[in-house]
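Got a structure for you, written out below as structure tokens; questions coming shortly.
Note that the chains are named A, B, C and D in the order they appear, and that numbering of residues resets to 1 at the start of each chain.
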Amino acid sequence: MSTVVLLLITGLGLGALYFLVASGLSLIYGLMGVLNFAHGSFLTIGAFIGWEVARRLSDGSWWALAAAMITGALVGALVAAATEFFLIRRLYNRHIEQVLVTVGLALASVALFEGIWGTDPTYVTSPSWLGQTTEILGARIPNNRFMLIVVAVLVLVAIVLFLKFTRYGLIIRAGVENRLMVTALGIDVRRAFTLVFAIGGAAAGLGGVLASIYYGYVSAHIGGSLLIFAFIVTVIGGLGSLAGAAIASVLVAVLQQFANFYLGGTGDLAVVLALAAVLLLRPRGLLGAKA
Amino acid sequence: MSTNSSTNLSSNILTVRNLYGRIEGQQVVEDVSFDVPDTGVTALLGRNGVGKTSTIKSILGLIDRTGEVTLGGRRVDRLPTHKVVQLGVGYVPEDREVFGKLTVAENLKLAERSAKPNRALVEKLFPDLVQRQAQLAGTLSGGQQQMVSLARALLNQNRLLLVDEPTKGLSPKIVGEVAQALLIAARTVPILLVEQNLQVIRQLADRVVVLSGGRVVFTGEASELLDHPERIQRFLGVHSGSGQADAAVPA
Amino acid sequence: MPAAPVLSIEHVGLQIGGARILQDVTLSIPRGEMLGVIGPNGAGKTTLFNLISGVLFATEGVVRLNGRTMTREPIHVRARAGLGRTFQTSSLFNGLSAIENVRLAAQAAAGGGSLVTRFPRATDAATRLAADRLDEVGLADHAQSLAGGLSHGDKRKLEIAMLLAMDPSVILLDEPMAGVGSGDVPGLMEVIRTLHHGGRTVLMVEHHMEVVLGLVDRVAVMHHGELLACDTPAAVMNNPTVQSAYLGDPV
Amino acid sequence: MRSLWSRPVAKITAGAALVLFMALLPLLNITIPGIFPGATYTPGTLQLLAYAMLIAALALSYHLLFGLAGMLSFGHALFFAAGAYGLGIVLRNFSPTWMPADVTFIVAILITVLIGFVLAALVGSVSLRVTGISFAMVTLAFAQAGSVVVRRNPGGQTGGEEGLTLDVSQVPDSLVGVLNTRNLYWLALAVLVTVYLVVLWVEKSRAGHVVAATRENELRVRVIGIRPYFVRLLIFSIAGALAALAGAAFLLLQSGVSPRVATPDFTLTLLVIVVLGGVGLRWGAVLGAIVYTLLDQRLTALAGSEFIAGLPDVLRIPLSQPLFILGTLFILVVLFLPGGLAGLTRRSAWPHRPKRGSGERMLETEETI
């Protein structure tokens, strides 16, 4: 029982990370039809710069962590917005080229991160409470899992509220349905593009700081490896669906944890098999737009 | 080609000169020129597939276009769609294109361009929408969706309305309501109307522009076309009597 | 009519997310007939074609082709069973040459169309057949032109050449005259007559009344997703239901 | 694609002459400073050229997927890795005593190519259920799974992070050792020519035409009575087999293989190569591969040079990362040179060709399934 609880909560924590990456991917794809390969780099740069700030403040304190998270989110948002503004926008409606540009950016940026921060992992120091465990139903759960879950839920709620109650949220929801009609109502939808990139980048940057707590280090490849799972999550959840991304994040991560434990560390493979199964049974994904 | 454009240019809200439009490299509008006067309803007619909808979309920049389009004396053919619309163009697209996953209220709110939208007019014309404002637009009937689409255009202070096949696929009763709403709107704003229902055209149109093979083949007062069955037959491919039994008569 | 129906549609309907797009359409079409399908935009004509050809699956009723139930069969199975169709906007392999377009259709019909072990040759049967079909529709001079670069009318002809190469027993033409300049209409009508030769059955959605009346044996009238009537042109035009429901004129 | 069956004799002659020239290269003494590390007969240069040719063969197999069929796969590295690791593992475990060693070696290569084909058929049968962006993501996921398996070192077969070292006892002596680099060079050339001819074959066959047509208009293909799924699967599998062949030769050339070739990043590199060269053209893929490999090699040499080491950090760090420069170059090509390197000449030579690359359609036809 205690193992199940441990796996479940750890899975939720990992799912939270996946969601932080996948939410942006899904929003960007839904509105713009762009598959963003550079999304992992938004995460990595957020993590690196976030921890640079934390280290300079006071390592291991709560407010340094808060500063890292805020910085990570801001950096992620800025880099993402700049990417949209300088690269993606130039290739308006040329989806293949947009994907290619993000591929180039992903390759170049990872190389640059290696140049700056080296190829070895950079270990991070977080508040000691996060490294301790709490006992629930006999399972000793690492505390950082709780923080991951809380932050991801807050991000989910914030995105949902933003989409539901702000004018830009309205524009984004309408744009996901029919982008041309939004422009035909006199709205410059490109601003919404930049905004969606910024929101996705912020979630990813924040996710970067949290991922480095989860793994205990930052490396140039941390974003890339999470990105692949985020891709799987978005396909399983249904491209463009935020709710689908949230549900699939949890399912994928929990499955991964259980397979890792009970099936001899085959979590990654189980996830790919799950993806294959979903595609065979329901090619549109769980909450895919087209029935 | 007879382009009987009015001599007094200042009385035209929209002038279109040598407009070409392409979709994915395919020419869909070819050298179209016509004017829309600043009052009344101008009907853009022609057989199916002749490029009426594409002409409207080219004016708005929804498809790639070249040529000269002026709105109230200002060139707009290089502007992106949202800028053209912001200059005071209301657009009611073919097939309504409401946002199905947004509520009626949200659909309307999205369309409001100024701080003082004309909500009173919309509420007067379409009382049904007020009652249904919390309903998702995708669950409305076709007629109700058309009301939403019209309302989105009528909320704003416009200098021109582009209305594309507003009665398409609607039942006769709704067709009448739509025509009535357009008639009221036409008192305050000029309208360029694409329409296939001859009755509605008779009821609304002051002037007509007829396209064929992507080009303008006739322009003039509505009566110059509608009172001449042989012209209707020639330009629109319809055998036209008068009144109800219009459908088409055996050869 | 003594002949067994080559195509029969029994109580066919389509519902998407609660909306009824088409309901209870029943049609029985004998071999060799040419049937016109008319009705205002949005009446469900193209949807009917999509249900027959498998682009959409009917949610109610049965579609039978040559006696075989096809209701849930995918597009390519219906094509192999002898069903050919065109689309409202021309649908070709734009990046391939005209003759390649036709040859692909000929190969597919002859079987073994997608083998890695066989190569197209200038002298093989499929190529010769393709060249003949191009000649038949008057496109012999354009054999090597990219399909995407052809004029509207020529694209239509190329689509018909592809149909001829497939040699289907039932052909659906969705607005074959759409977007075609009036100069090309007579030529295209001639080509459509060729299609009908040799006992092929042709269903055609068309707005050009003179085309419909000049070609077809019977006319089916659609309105609001329902079949109002199906009879000879003269009978249909005098049918009171058609007259009262089919308000206004199709333009 | 305009003139299908008129293959000018001149073209074939030029191709044969080029291959002959490449075959004679190890016997010649040509020095191109700044491009080759030494004269053309030296092992270093031959090794580099052989490497470039194998990458070109791999890029050609990818051209079949992306350029011809418009399938944007992000998992093609999987099959290259399957070839490299596959041959290593087969050689280690397959040594029937009754078979002469050389025959065993050839059979092992054939088995490896077959593995590539079957693996691609399996992966393809699932991935091709979807199109467009979903297809890209799914192939990526499979490649990732492959990468994970390779790193896990199942049964001690793949060597995990260390990679796999070629067991030379099973390899003909003529293909072992620095002195025999020349033979490996010829092997690489033979692989490139073989892959080129197979790709040419497939492109010119009926199947090639059907996938090209599917790329243009999938619904249309269905309407003329063809189910695109199986043709696509066939092309996907052939491309997988060709990639495995290139991978097998790669193992022999490098005397080993590291898990890097199994990563999705390696596929992305491949995509960069094909786009750099020019999508839709066979020789674009070859050109891209050769330019990329030489550039990568030179940039790596540059990164380690004293000149770079002496620069201030702002310049030194980016310039010392070849992949950063290549990634940036790639972005610039996508932004400003839509036809790739081959497009530079194509634009002037065949102005009537459609300008855009062919992958475009794949995304647009997503709705039609």
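By definition in this document, a residue touches a chain if its C-beta (ideal position, glycine included) is under 8 Å from a C-beta of that chain, and two chains touch if they have at least 3 such contacts.
Remember, it's a predicted structure, so these values are computed and weren't measured experimentally.
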- Max Cα-centre separation from chain C goes to chain A
- Query: Taking each chain's centre as the mean position of its Cα atoms, how many Å separate chain B from chain D?
  - Reply: 54
- Chain centre separation in whole Å, for chain D relative to chain A (CA means): 31
- Averaging C-alpha coordinates per chain, one finds the centres of chain A and chain B separated by a number of Å equal to 44
- Item | Residue list for chain C, restricted to those that touch at least two other chains | 17, 148
- Message: Touching at least two other chains at once: which residues of chain D meet that condition?
- Response: none
- Hey, how would you classify the chain contact layout here, line, ring, star, complete or other? ring
- Mind listing each pair of touching chains for me? A-B, A-D, B-C, C-D
- Can you list the chain D residues touching chain A in their complex? 72, 126-127, 129-130, 133-134, 136-138, 140-142, 144-145, 148-149, 152, 264-265, 268-269, 271-272, 275, 317-318, 320-328, 330-331, 334-335, 338, 357, 359-360, 362-363, 367, 369
- As the complex stands, chain B meets chain C at residues 25-28, 45-51, 95, 138-139, 142, 165, 167-172, 175, 195-201, 212-214, 232, 236-240, 244-251
- Task: Quick one: which bits of chain A touch chain B in the complex? Just the residue numbers, please.
- Result: 167, 170-171, 173-174, 177-178, 180-189
- Note on the structure: Per the touch rule, the chain A residues reaching chain D in their complex are 29, 33, 35, 37, 87, 90-91, 94-97, 99-101, 103-112, 114-116, 224, 228, 231-232, 234-235, 239, 265, 268-269, 271-272, 275-276, 279-280, 283, 285, 290
- Query: Hey, which residues of chain D end up touching chain C in the complex?
  - Reply: 1-6, 201-202, 204-210, 212-213, 215-217, 219-227, 230-231, 234, 238, 352, 354, 358
